[in-house]
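The next part holds the structures, each set out as C-alpha cells.
Two complexes follow with chain A in common, the first pairing it with chain B and the second with chain C.
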Partner chain A sequence: MDVPIQQVIRPATIAEATALLATRPDARPIAGGTDLMVQLRDGRKHISCLVDLDGLGMAEIRRVDEGVEIGASTRMHSIAAASEIRSNFPALAAAAGTIGAWPIQCRATLGGNLVNASPAADTAPALLIAGAVLTAVSTAGTRPLPVAGFFVGPGRTVLMPGELLVSVFLPLAQVPPGCRLVERFVKAGPRREQVIAVVSLAGRAVVRADGTFEEVRLALGSVAPTPVRARRAEAALMGRRPNQETRRGAVQALQHDIAPIDDVRAPASYRRIAAAVLLDRFLLEAARV
Partner chain B sequence: MSERVVVTLTLNGGRRTFEVAPGRRLLDLIREDAGLTGTKEGCAAGECGACVVLLDGAPVTSCLVLAASADGHDVVTVEGLQQSGSLHPFQEALVAQGGVQCGFCTPGLAVTGAAALAYGPGTADERARLLAGNLCRCTGYVKVLEALESASGEKADRAST
Partner chain C sequence: MLRRERAHVEEAPGRGPLGGHHERPDARAKVSGSTRYVADLALPGMLHAAVAVAPVASARVSGLDLASARAVDGVEAVLTAADIPGRNLVGVIFEDQPLLAREKVRMVGERLALVAARTPEAAWAAAHLVHADLEPLPAVHDPVQALEPDAPRVHDAGNLIRTFRVVRGDTARARASVVVEAEYRVGGQEHAYLEPQGCLAIPEGRQRITIVASCQCPFYVQHAVARVLGLPLAAVRVEQAPTGGGFGGKEDYPSEPAACAAVLAFATARPVRFVLPRELDMQVSSKRHAMVIRHRWGADRSGHLRFAEVETVLDAGAYIGISTVVAERANVSSIGPYHVPAVRVSTRVAYTNNLFGGAFRGFGTPQVTWAAEATMDRLARACSLDPLEFRRRNLLDDRRRRLCTGQSLRRPVLARECLERAVALAGWDEFHARPRRQEGPMREGMGIGLALYGCNLHHGGQHLDRSSAVVILQPDGSVVVRVGLTEMGQGNLAACQTIAAQALGVEPAHVQVWQPDTTTVGDSGPTVASRGAHASGMAILNAVDRLRKKLDPVAAELLECGERDVELAGGFARVRTDPDHRVPIARLAGEMASRRIEGISTGWYRSRKRRFDPVTGLGDPYEFYAVACHIARVVVDAELGLVRVTEVSAAHDVGKVIHRDVLEGQIQGGIVQGTGWGTSEELKLDRGRLCNPSFTDYIIPTAADVPSIRIAVVESEGPGGPFGAKGIGEPSLIPTAAAVRNAVVEALGLEIDRLPLTPPTIVEALGNRHPFAWVAEEERVRGRSEEVAAGR
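Our next item is the complex of A and B:
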C-alpha cells in the first residue's frame, strides 16, 4: 500500500534542498527511509511532502585533518565495512553493523539514525564517546552541532525547522605514547540479530602501561530519554585500574547516570542490571586487551 | 488528488518507465505496476526480508523504499536472478539442499543470498549474519545456510580454476 504523502521532490543540490525546506513547512527530508517509511505507514508521522536526499551525494567517508568526516547519507553498511572507520572508530563500525540486518544496513543512513533521535539509536553512543560534531546547513548558513547536545528527547533534536544534517566529523582519539586504546560497542537484547537495543554501551578507554586508565568515556543507549554519557561512572574510573573494587564502584556510579523506563522491550529494573553487566564486561576487556 | 511521479529505472536489465503516486513503494511498483509477483510482501516494516530486491547491487527491503527514490537506479528482483535461462547458483543450491519449504521467504532469501555470494564467501558466521534479515519459519535455516555454503564453495572453486 502507498504511504500517505502528497508529493515527493528530488532536489539535485544541498542548496535546492535547504531552499525547499525553508519555504515549505510541510516538507521533511527522507534518506534511507528505514524508520520514516514505517512511521508514515503506521500513521505515527504525518508528512505531506518528502524531500528525497538521495540525489545530493553526501555519502562519502573522507579522511580530513585530525579526523574523519562521514556524509549524513552514508549507509550503515558502508560505515561498518569502511577500513577508516573500523580502525579508528571501532565502536561506530560495530554499532552500524548491528542496526537491523544487512538489507536495512544497505539503506539506513547515519544522518537518519541521528535525526530520528531514538533513545536506542545505535550509532549515538559511539558518536558520543568519539566527541563527534555534526554539521547542519540551512538557508541561513552552516551550524556545527556537537553530538553531546544534539538530542533533546525521544524523537527530538536541536535541529531547527529548515535545517538539514549534512555530515558528521569524528576527531581521531588522542593516545599518549605508551598507552593503548580500547574501544567497544556492545548491545543487550533478546537475540543476536535484528535487535533494537534493550541497553547499548559504547566505551573508549585509554589504558596506561601500568593498567590504569588515562581516560575513559562511556555512553549508553535505551536507558534515558536520549543517548547519554555516563559521566559519574567515568569519574569513578579515571586514573584507576579496573580491578574488582573499581569496577564495583563504576557500576554503582553508573546507576546515577541512567534513568531507564519500563517499556515493551524491557522493564527499567532489567535495563539497570543489563547496563551494569555491559559496563563490567567492557572494563574486564579493557583490563585484558 | 496528489500529483504523479515519473520513475524511470532499470528493472532486471530492461529500462522501464512508470507513472506512480508519490507515496508508491518500490515493492508495489514491482508487484503491481510491473507485474513481477516473485517479490513478496510480508511484514511491510523491513523486518522479514520477503521483499528484498537488489538496488544498485545492494540488497534492500523494497517495502521501505519509495518508488520515486529508485528513479535512475538499477533494480533486480528474484525474476532477474536467472542467467541465460538457468537458475542462479544459490537458487540451484536451495533446490538441491532442500532449503525451500512453504516458499514464501524464498524469493527474498534467494536475492539476499545471491548478493551475499557476490559480496564474498566469508565464514559460516558471516554468511549467517548476511542472511539474518530474511526470516524463515519453516526450514530452521540449516539447509538454507548449507545451500549458501555449497554455492559459495562452488564459486570459490570456479575462481581458483
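Our next item is the complex of A and C:
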C-alpha cells in the first residue's frame, strides 16, 4: 500500500525549512525515511506533507574545538566509517554500524534515529555516554539540548513542534595522563545481524594505571521507556577495580537503573539478565584491554 | 561456504543432462526482475480487493454496518455472505469454513465482508470502515485444553476433529530396563514466502472466469472458485502465476483469496486483483502446526529400543483445512527410521481459536521428528551410550526393514549410509575426541537428526496422486512441455526440463516447460509432499513414450533401420547399434510437420495402490521412503542464550539426482528454513492474535545466520520415480531443527523441550545455572512498569 502523502517539499535552506514547519502543522521533516515511511504505511502516523531535509547540507562530520560535530542528516554508514568517529567515539561508530543492514545504513540518519526516540535507538546510548549536546533550530531561534534530557518517552522528545534538529556535538573524552580509555557498544538480540536491540549497552571507562576506574559511564537501550544512563551502576564502580565483587555490585545497582517490560521481543526478566551480562562483559573487557 | 563433491557428478559426454547443473530456465528472468508476479499484473478497468476481518478470536456476529465503507470514494462493491452466487464455502476436505462469516467468527482475521475499489488504498480504507457488532464468546487457545470436556466449543460438534493411531505389538508388556518420558511443546512456523498471497480474477460476463493465482495447486483454486460462483469446473480457468515461494503456504490457502476475488469480479463485471498485505497474510494464512507431543520410550540394557508410546495433539486452529492430512503423516512418522518392536501412537487434531494450521514443508514430520530425535538422545544418555552409537544400534537397515506401521521398506535401506556419511562430513569423532573449550560463556555442541520421509501422498490422499503432462514437438525440434505441477521457486521447471530433455535426447535449452493452466492439463493434484519432480516427471516420461510411437516410425524410415533400433540422444535420432548413423532431431521434427503427423501427446501417471488400515495405522502409508541425516554444530552463548548454528552436514538418500544445483538449492534452503524454525522463528499469540506479524519481529535467519553447509548425496538403484529419483523438498528441512536441538543440549548439558530455542527460552531453561539468575529476582520484587519500554 502507498502512504497517504499529498505533498513533498524540498527546502534549500534551514531557514526555509523551519519557516515551512512553523506554518504547516500537517508537515513533518523526513530524513532517511526508514522510520517514518514504515510508520506512515502502518497508519501509526498521519501526516500529509513531508519536508525533505536532504538539501539542507546537514550531513557533515566536522572536527571543532574540543569535539566533533555531526550534522543531523549524516547517514549511519558515514558515521560508522568516519575516522574522526572511529577513533574518538568508537561506541557511536559501532552502534551506527549495527543499525539494520547496509541498505538501511545508507539511508538512516543520526537525527532520524534520535527524533524517532525509540527506546531501542542504537545511537542513543553512545551519545549518552559521550555527553552529547544537540542543537535545535526553529523560527524562534536556536537552543542547545543535552542528550541526557532529550528523550521523554517512547517516540517522545523535548523537541517542540516546528523545531528541527540540525547537529549533534560530541565533546572529546578527557583522559588524564596515565589513564586509558575503553569504549564499547554491544547489543543483544535474537540473531546475529539485522537486530533491533533487546538490550543494548554503551560503556566508557577511564582506567587508571593501577586498574581502578577513574570514571565509568554506562547507558542502555530497550530496558526503559527511553534510552537511559545507568547512574547507580556507574557510582558502584567509581574508583574501584572491576573484580568479581565490584562487578556483582554494579550489576545489582544496574537493576535499579532500568525498568524493562515484557513485550513481543523478550520478557523483562530476560532483559534484566541480558543487561547484567552485557555490563559484566564490558567490565571484564575494560579490565583486560 | 559450500563444499561440493562435484567430481563424480560431472556429466559424461552423450549421457544427457540428468544429474548435471545446467542453468535453471527461470533463473535469468527472476534475477533480472523481468518475471511478472501477480502484484505486477494490471488490466484496464481493474479493481482492487480488500477484506474486512474480525479483530477477535471468538464472537457472535450480530450486525454488519456497511454504510461508511460504501461511502468511500472509489468503492465499487461491498459484499457480504448474502451476495455469494454459489455456496458460501471454502476448504479442501471438510465443509466447516465459510468464505464470509455469517453468525460466528472463530479466529482473528475471519472474513466478514469484501470490498472492491479503484485503488488499493480506497479498498482497504473501506474495509477498515466496515463495522461489525461482535458479541464476545468464550475462546480456547491451548490445543490440550481444547480437548477437555468443559472447554469452549469452537464448532458445535466439539473440538476433537480426528484421532489417528498406530498400534503394533504390546507396549505395556515390552521389557525395557531404561524408560524415558518427556513432553515436547513444538511451535508453529510462518512460511515467509517473498511474495504474499495474491491473484487476479478476470470475468467474462457471468459465464466464465479466468484466475491467475500465486499458488501450489491451480486445481484446488479451480474447485473453490467453481463452488462459490456456482459454475461448472470447465468454466473456471486457473493459470498459475509465477509464484514467489510457497513452502506449503500456497497449497490450500490460495483458494480463499481466489474465491474472494472471483465473487467481487462477478459482482462488478471487472477484473479484480487481490494481494494480501504482509501483516494480514501472516495473521490469516495457514501455518505450520504447533504440537504438544508426549513420549514414553524404552530400551533394554544393551541399548536396543523395545517400545515407543507417542501422544500428539495438533493445534488445527478454527477450521480443519488440511490439518487431518498433516496429522495422518505426522502419525506414521512419529518413530523415525528406527526399529521398534512395540509401538503405540495416537495423534489427535484439535480445534482452537488460534492460527489456521496447514501445510508447511515437512507436513507434520518436522515436529514429530524433533521430538523423536530428542528422545533418542535422552534414551542414549539414560543407557550411557553416545547418541551416535545408540542410533547405530537401532536404525532400520536391510535386515530390519519394518517401520512402525509394519511396512517392510524396499531395499536398499540407506539410513545407516546417510548417518555414516554425515558423521564423516561433520567430523563427529574428531569433534568428540578433543577437549571442549569451557572457559568463557561460549559452549560448543554437535547433534544428530535423522528423518524418514514417506515420498508422495499418504494412502489417505491416494485419490489425488495422479498427474498429467503434455509434450509438443515443434517443427524446429524444440519441445513444449506442460505439466500439472507447479514451479514456486523450488526448481520444478528445471527438473521437468531435465527429465524431458533426457528422455528426448535433446539439449535442456530446447525444452520449454510452461506453468500449469487448468485448461491445458488434467487435474494433477497439489505440488506438495516432495512430489513435484516425481509426479510431473513420470507423466512426462509417459508422454514421451507415447510421442515416440509417432516419432520412431519416421526416424526408422529416415535411418533405414527398425523402429526398435531408434535411440534419441545428444540431439539426434540414431541407430542404437550404429550411433554414427543419425539424423538431427530438428530434421526429424521438420519431417513430421511436413507430413502432418501429430507431434503432440499426453502423459499420465498414477501411484500404485497400497494397503493400509486407517484404524490400526498398519500397512503401507507411502510407496517408498527417503532417509536424511543432518548433523549440526553449534556455538551457544550460555549467558545471552543465543544459538549460532555454525555448520550443518547433510546426507540425503535421493535415489537419483535429476539436477544437481536444484537438489543442492533445496538442501541449503531446507537447512536455513529448518534452522530458523528451530532457533528464532516464533509465532507469538495473544488470544489468537499474532503479535509479531512482520519481519521486524518474526525473526527469520539472515545471510549472516546461515551455517556452513556440507552435502553428501547418496544415490541408489532402489525404488523411486523418474530415473529412480526420490523427493528432496521436504527431507531437506525435516531433520535440521532436531539436530540443532540436540547440539544445543549437548553444549549446555541440559534438556530443552520447547521449540524454538530463542535466547529467552534458553536463559529460562538454564534457571539457576545462569550466573545472573539472581537478577531476575529483582524483577519480581519490583513488579512491572506500565510503560512500553521497547518499540521501534
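Everything that follows uses one rule, which is that the second predicted complex is superposed on the first by the 288 of 289 C-alpha atoms of A that agree within 3 Å, B and C clash if a C-alpha of one lies under 4 Å from a C-alpha of the other, contacts with A are read in each partner's own complex, and residues count from 1 in each chain.
Operating definition for what follows: a residue touches a chain if its C-beta (ideal position, glycine included) is under 8 Å from a C-beta of that chain, and two chains touch if they have at least 3 such contacts.
Keep in mind that this is a model prediction, so the values were computed, not measured.
*Asks:* Kindly classify A:V152 by the partners it touches after superposition: chain B alone (first), chain C alone (second), both, or neither?
*Replies:* In the superposition, A:V152 contacts neither chain B nor chain C.
*Asks:* One more residue to check, A:S222. First (chain B), second (chain C), both or neither?
*Replies:* second
*Asks:* First (chain B), second (chain C), both or neither: which does A:I5 touch?
*Replies:* The answer is first: A:I5 touches chain B but not chain C.
*Asks:* Quick check for you: in the superposed arrangement, does A:A101 touch first (chain B), second (chain C), both or neither?
*Replies:* both
*Asks:* Where does A:V38 make contact in the superposed view: on chain B (first), on chain C (second), on both, or on neither?
*Replies:* Both partners.
*Asks:* Determine, under the contact definition given at the top, whether A:P267 touches first (chain B), second (chain C), both, or neither.
*Replies:* The second partner, chain C, only.
*Asks:* Mind working out whether A:Q194 is in touch with chain B, chain C, both or neither, as first, second, both or neither?
*Replies:* In the superposition, A:Q194 contacts both chain B and chain C.
*Asks:* In the superposed arrangement, does A:L50 touch chain B (first), chain C (second), both or neither?
*Replies:* Touch partner of A:L50: chain B, not chain C.
*Asks:* For A:I30, select first, second, both or neither according to whether it touches chain B, chain C, the two together, or no partner.
*Replies:* first
*Asks:* Chain A residues in contact: does chain B have more, or chain C?
*Replies:* Here the partner covering more residues of chain A is C.
*Asks:* Kindly list the residues of chain A that each of chain B and chain C touches, one partner per complex.
*Replies:* 1-2, 4, 38, 101, 192-194
*Asks:* Which residues, counting only chain B, touch chain A once they are in their complex?
*Replies:* Residue list for chain B touching chain A: 2-3, 5, 21-25, 28, 44-47, 49, 52, 55, 58-61, 63-66, 68-69, 71, 112, 115-116, 129-134.
*Asks:* Sort out for me which residues of chain C touch chain A in the complex.
*Replies:* 120-121, 124, 277, 441, 639-642, 644, 679-680, 684, 691-692, 696-697, 699, 701-705, 758-760, 763-764, 770-773, 775-776, 778-779, 782, 784-785, 787-792
*Asks:* Chain C touches which residues of chain A in the complex?
*Replies:* Counting only chain A, the residues touching chain C are 1-2, 4, 35, 38-39, 101, 116, 118-120, 153-155, 188-194, 196, 198, 222-225, 251-252, 255-256, 259-277, 280-281.
*Asks:* Hey, which residues of chain A end up touching chain B in the complex?
*Replies:* 1-8, 10, 30, 32-34, 37-38, 40-41, 50, 52, 54, 75, 77, 100-104, 106-107, 192-194
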